[in-house]
């Protein structure tokens, strides 16, 4: 019983730590976003931010024990690229849609 | 058949994706899934998606396993590079002549190269059949060219002949 | 959590208001976006914050306290959609204005570049 | 509020390790964004998070729901598949855009449109 | 018994009916219009005369029609002696003016408008005098102002006529509005709008605290209408009107409306100090000023106008002195003035008509060519001068008697007498000048036209009026006695004083004063004749020009004041407006929170440090966006997207997956839309120059406001978050979602069932916005300078000589593989959208998110292949989706109405189908399908339309592209 | 089925708009006929609702419609009382009257004019009918979205510039609206206005303070829509830039703000709201109304073009109404309602007319009406006796202009005078502020006369070279129709006035409303 709760709390701590790491990653991405210096750096940072955010959603799912948040993650996975791709295309062609 | 089902492989993939999404194998779900995947693959046909022909499923699976291994290895390598107090970086562009022309093969190669940390697809010239990639830890250009041609291009040529 | 969210709402609203008072159309639209984030969070939070509550009904709805407050969420959803629509329109209007007036000043007159 | 109450202890440990490791990789990837000095180098960094980092977290999640709630939650796999297809799209476009702009601004060291003139690293734009 | 009430009704209605009939009947036919005018006036005159037996017995005739009884507004006609006297004046002079005008007005004029307006005026004037309700009186009062305006402006091609019309309108309407206010106050005191009730409440009125304001307001009405100093200036200017109008409105009738008002309310308002000082003082001043000014005019009509002012002042003063004899004298002089002044106006008109000028300096000796007119003018002029055996003499006598009878203190009484004599003397002078200057002296031959005697029917009205002057002057008791008795009796009632209308009362003080005045007037005329002719302005008072003052006020009101306001409140500036909105929001929000909430012991949720860290990032993104939005738009956009992501994660954290999903999708679409637009915004380079002082001040000010608003909202949010309501409507929704709504996702059930009308409205908003966007960009072409060309063309332009084709191919290559991958992902996105849609009722999802997701699929396809590529392969008709979706959503709701339930009632259950087994069905899903269609259609339409802007490029600009580069320069 | 009549004013234009959208641009005729059909049926439905709302059994006759068959307490409810029926009829008549005007050149200036008008009506009618605070927000947004589209109809630098300001300010206002609704919901747990009114007396301490904050922000949002000083500067520019039929339709929009303030202030902060909340904010409303009135008058005096003049008339009427309803007196409210009706019709007619006499397509700020020049020419210049026969259309236009001036200035013989009288007469009982309002309302009438006379004289009398665009029959019909209604209302006074007086009494007794809505709670499905 105690070992179970011990490992459980250890796992919880690991999840918590993971969340901190992901948030830290997001923070570093945001720093890059602000600093630039070029537009593609910022877009790249946004891409990283989306991925870290998606992973964060999954960890929240684990912490709350709810599977429903996976859908939000799936949306980031499927559509998060749209924004960055649009930015990238914009940088590439000066036009998102030709 | 090809008129109404131009992309059977994709239809199948879509059906699988649908079932995964629904997490159910109930009759209505499957029926609906079939209808949807047929409709969507028909739409893909309307969009002039090139036909795909997978000649060797086995090679494909082998390639995926190899890529997974490469990904794990290069993840660790790149992570080390980043974490090391003074990153020793010798990055650079590598130009690789390619033999293959199939769009699917190229797309898969692009995914593989981009997904593997440490390499990134930069540009491809379809007329001259050359590929430019950027490598984070570039020791020897020739080795990189040889590796990629051997480890990825050959299987891809087999798969999408 | 309440304190954090309240500060967040204030900060978003403050940034938004600052942008709202700027002279360039793009600043205004970003400002409005930020304000609408703040407002959405405010409405969302009025029912109180619940971490780990069930968002959808499980079994019969007997113990109501285990569920997140649905009404504010529904209101925010409507507000988000309407905000999206009006932001899109504002965007198009500011583009048209830029095209017709020749600059991106909110008053269409470019005093200071 | 212990989410692991229903999970066997060793499974909990496995989940913890998987998720932590994945998050660590993602974090290192983001750190790369900061630490690496040029755009062409930085563009490699996020792939840590989109590949192994993500695989680990996804695996942890699948295990968690499988073991905890008994639901297979296989659609989580879809996340992995989608990210693996979509990330290359934006990264390729970004790298292409960077190359295009460098070429246009005449930055030395980027491979010219004529691929035989590919240069080495030293001339890369390092800002 | 005569149906008196109905007769008075006919008298009132007939002119209005005729006025409306004139354009129809008289269309272009001068004869018919003239007959209509004169006939109407004649009939009214006869009908009025029929009322006399009753009036003579002191009866008050009334007739009431229901108009708005609940409003206290009955339409009551009330004819007493005073009203009857005015009826006769209005109709009688109206008849004569009608006859005169047809000969006076230029032959080629159709006169439809003229007679129509004249009839309308006559009706309005009759309306004033027969009003039995004070509001009714104001109603007709303002109507006379209106008709006066239109008649003065009859010859609107001349600037003088236009200015005169405007001045008269503004002055008299202003007076009318004052009258309205005064009358409302009066009625408020008396508790009724009924004239009789008010007349009966005299004591109450005079003791009320509202008496003085009411008095002043009513007097303002009277004084403006009767051209009393200082509002007299409109009357001389109004002489630009055709002469019949001057004769009718500006001598005989309309200007007498003020007098009528003073007499009408004399029993209620008079008898106080205030009345005496204001009415008496104004009347006295006006009398003197008018007479003095009349002496120095050169235009015959101007002389008459100022003399009218003077006589009106005289009448006003008579009512103001407070004696009952004064009232009798006022009424008597009103009659007399109407007769001689109208005939003089008509005579002046005849002179003008025959010679083409009215300037006394250019006229002379007309008695040789127009002897009859000259004779009539002499009679009327003598009446005006107060020559014995004419009516003017009698009323002047009475006036002197009243002046002598005043007892308000010695100095004041003496002054009154002196002024009376002086005014009378001046009256003699200007009468001499008018008649003498035009008709006597040597005949001149330099008139613009060759004068003859005017036509017989043009002389007829003048003659009739001159005859009246004589008749009254010689047989006052018989001719005018009963009228005066009836009129004065109706005002004074039992207070009616004894008076004698004999032409000779013996050698009394008034006679002496008359003689003095006459002699002085003649002497003055002889002495000043030459000098007057030589000067262009009135001595002593020409510096005080009321008209100038009026024009200045007008200029101030229409130019200076608005400019000043625009300077203080820059309403044209968006920033200023938004600043006011935000500031006011802060102020009212702060002031309304009373008492300020104190932190309670209620504990919120435990702070999760990760959550705090998350928001540290979110706030950093927001502030970053705020600072970058000026020069680095793309950075700001990216940072905003980052904030959106943090918001989304917050929703997940706080158990709101639906919100998270929606937020994420909307975020994505908005970002793409903004990005589509970013391309058109001008390039901006961060300036090296330091901020100007004003810019720095603005920034600091805005920052302070922003921080204040942020703090305020944070405080409110904190307070409301901690306050939990036990009995919220949410409980009901949680309880009823499954049994009543058939869904487990309560949020979605609320959206498509409990509060489906909100959702219907929301998709309507989307549809509208899409249509508006479409309409706006329909034919819009971007400004030339904002048209950069896409990069591929620039590359071609820059490196034009080398391998253009190869460059293109290379760029196509760069897109080829991403495009293929996107093509593969797109169907998965659509699949995912349908998944979200179907599960919406039970799990996070629903029509809206599904719709947006489909749009995202479309967006990525457009990005991959370009607009043309997609549209040649897929038939995208988003407008249809919008219409169909709206109809589907409505139809779902209406189905319930058909089944007898309220709109949007939902039905759910299960169908058993052969192969598929149990299939749940829910009508809300159909509604959601409508939502889905509208959302996808609307967002796709916006996207497509925006995307097409890029196709609209006409000429590729030779310059370097802009947009993304802005960030780096 | 009688109940279903309550939703008809929302559904008819919505369905018609959807069909019009579906038809696309090609079926112009059909689209127009549908619009007519919609407006005619709206007038009919509104008249029927009005009759049912004024049914003889007392003043509490209200039609309560529970959407989705859910109890009114929780779901959305539509309420038809005398006031909402009145507003429905007013907008329906307005729309019907304006419709012929737009048939020619105006609607062709862009696509989708007809559906946007219908959707505007959806917004109006929904906002008038709803008994739910958040639903009110939604319908406000419907209205605003449609108004954005219509304000921009025809595009051009001027409209787009004005539209940009209009949208930015209204988006900000919408944020305030949301915050207000959020705060009120947060402390009461309900969005239903009747339930809210029922709960407010029981609030104390912090919740009451928060509720007041919410109400204040909500009020500010409505004040922005009502274009009250100092948050109403957007109006003159937007309205004068919009095409005339649109501006005419917008004439009722500020009145919607007034309507909501009237309804909510009486319902939530009426006599039963408890000492701390009774007449909450009415001092502010009174003074803001007074200032708006003054500013509107100044603007009117200074207006250099006809559209601006009309727009400032809107401000004047807004200020007057706001001040009047702040007095919380049934008699004044009744007068205010009369004034509201007449000013909507009159201003709409004026906007339409302005489009016919003024060449609108100039850059903003073009001086169409010259400022007053105080230089005086000779008093008795020779009369210019040129032969005058104005063409019949110009005479008709001039007559209409005169009628508009009279209506807006509140001068006889048109119903503007009666409305103003009804508004002013009961005002003297209500203290200093009311007397000031009384005086300023009268002064505003004078300012209107000055401004209108200046404009009218210059357009119809002075400039021989003033160009009158060719007037199409539909345009004349619209103007004369609106003015005709006002003329009829001069003579037919008793019945309309009784209705308005009863309306004022009804809304001043909010318990009717509360009972009508909350009494329904038991009848609907569980």
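So that you can tell them apart, the chains are marked A, B, C, D, E and F in the order they are listed, and the count of residues begins at 1 in each.
The criterion applied here is as follows: a contact is a pair of C-beta atoms (placed from the backbone, for glycine too) under 8 Å apart; a residue touches a chain by one contact, two chains touch by 3 or more.
From a predicted model like this one, the values you see are computed outputs, not experimental measurements.
Undergrad: Would you mind naming the chains that touch chain A and likewise touch chain E?
TA: Of all the chains present, those in contact with both chain A and chain E are C, D.
Undergrad: Greatest Cα-centroid separation from chain B: which chain?
TA: Most distant chain from chain B: E.
Undergrad: Report the chain whose CA-based centre is farthest from the CA-based centre of chain A.
TA: E
Undergrad: Kindly work out which chain lies most centrally, taking the average of its C-alpha atoms as its position.
TA: Smallest offset from the overall C-alpha mean is found for F.
Undergrad: Using the stated contact rule, I'd like to know whether A-C or A-D comes out ahead in C-beta pair count.
TA: Between A-D and A-C, contacts are more numerous in A-D.
Undergrad: Roughly how many whole angstrom separate the Cα centroids of chain B and chain E?
TA: Each chain's C-alpha centroid was found; their separation is 73 Å.
Undergrad: Between chain B and chain D, what is the gap in Å from one C-alpha centre to the other?
TA: Here the centre of chain D sits 16 Å away from the centre of chain B.
Undergrad: For chain C and chain D, let me know how many angstrom lie between their CA-based centres, rounded off.
TA: 30
Undergrad: Can you compute the centre-to-centre distance for chain B and chain F, using the mean CA position of each chain? Integer Å is fine.
TA: Roughly 63 Å, centre to centre.
Undergrad: Can you tell me which residues of chain A touch two or more of the remaining chains?
TA: Within chain A, residues 19, 26-27, 37-38, 43, 45, 63-66, 68, 74, 78, 80-81, 85, 87, 89, 91-92 contact more than one other chain.
Undergrad: Going by the touch rule set out above, which residues of chain C reach two or more other chains?
TA: Touching at least two other chains: 20, 25, 28, 42, 46-47, 51-52, 54-56, 71-72, 78, 82, 85-87, 89, 93-94, 96, 100, 106-107.
Undergrad: Indicate the residues of chain E shared as contacts by at least two other chains.
TA: Chain E, residues with two or more chain partners: 572, 574, 578, 582, 653, 655, 657, 678, 713, 716, 720-721, 728-730, 733, 755, 758, 762, 765, 768-769, 772, 776, 780, 791, 794, 806, 810-811, 814-815, 817-818, 821-822, 824-825, 828, 832, 843-844.
Undergrad: Spell out all pairs of chains that touch, sorted by label.
TA: A-C, A-D, A-E, B-D, B-E, C-E, C-F, D-E, E-F
Undergrad: Flag every residue of chain C that touches chain A in the complex, lowest number first.
TA: 51-52, 54-56
Undergrad: For the complex, give me every residue of chain F touching chain C.
TA: Within the complex, chain F touches chain C at residues 134, 138, 141, 144-145, 148, 152, 155-157, 160-161, 163-165, 167-168, 171-172, 174-175, 178-179, 181-183, 185-186.
Undergrad: Using the touch rule from the top, collect the residues of chain A that touch chain C in their complex.
TA: So the residues of chain A in touch with chain C come to 63-66, 68.
Undergrad: For a test of understanding, state which residues of chain B touch chain D in their complex under the given definition.
TA: By the definition above, chain B touches chain D via 17, 20-21, 23, 71-72, 75, 78-79, 82-83, 87, 89-95, 110-111, 114-123, 125, 128, 130, 132, 134, 136, 138.
Undergrad: Provide the residue numbers of chain D that touch chain E in the complex, in ascending order.
TA: 82, 85-86, 88-89, 92-93, 96, 100, 104, 113
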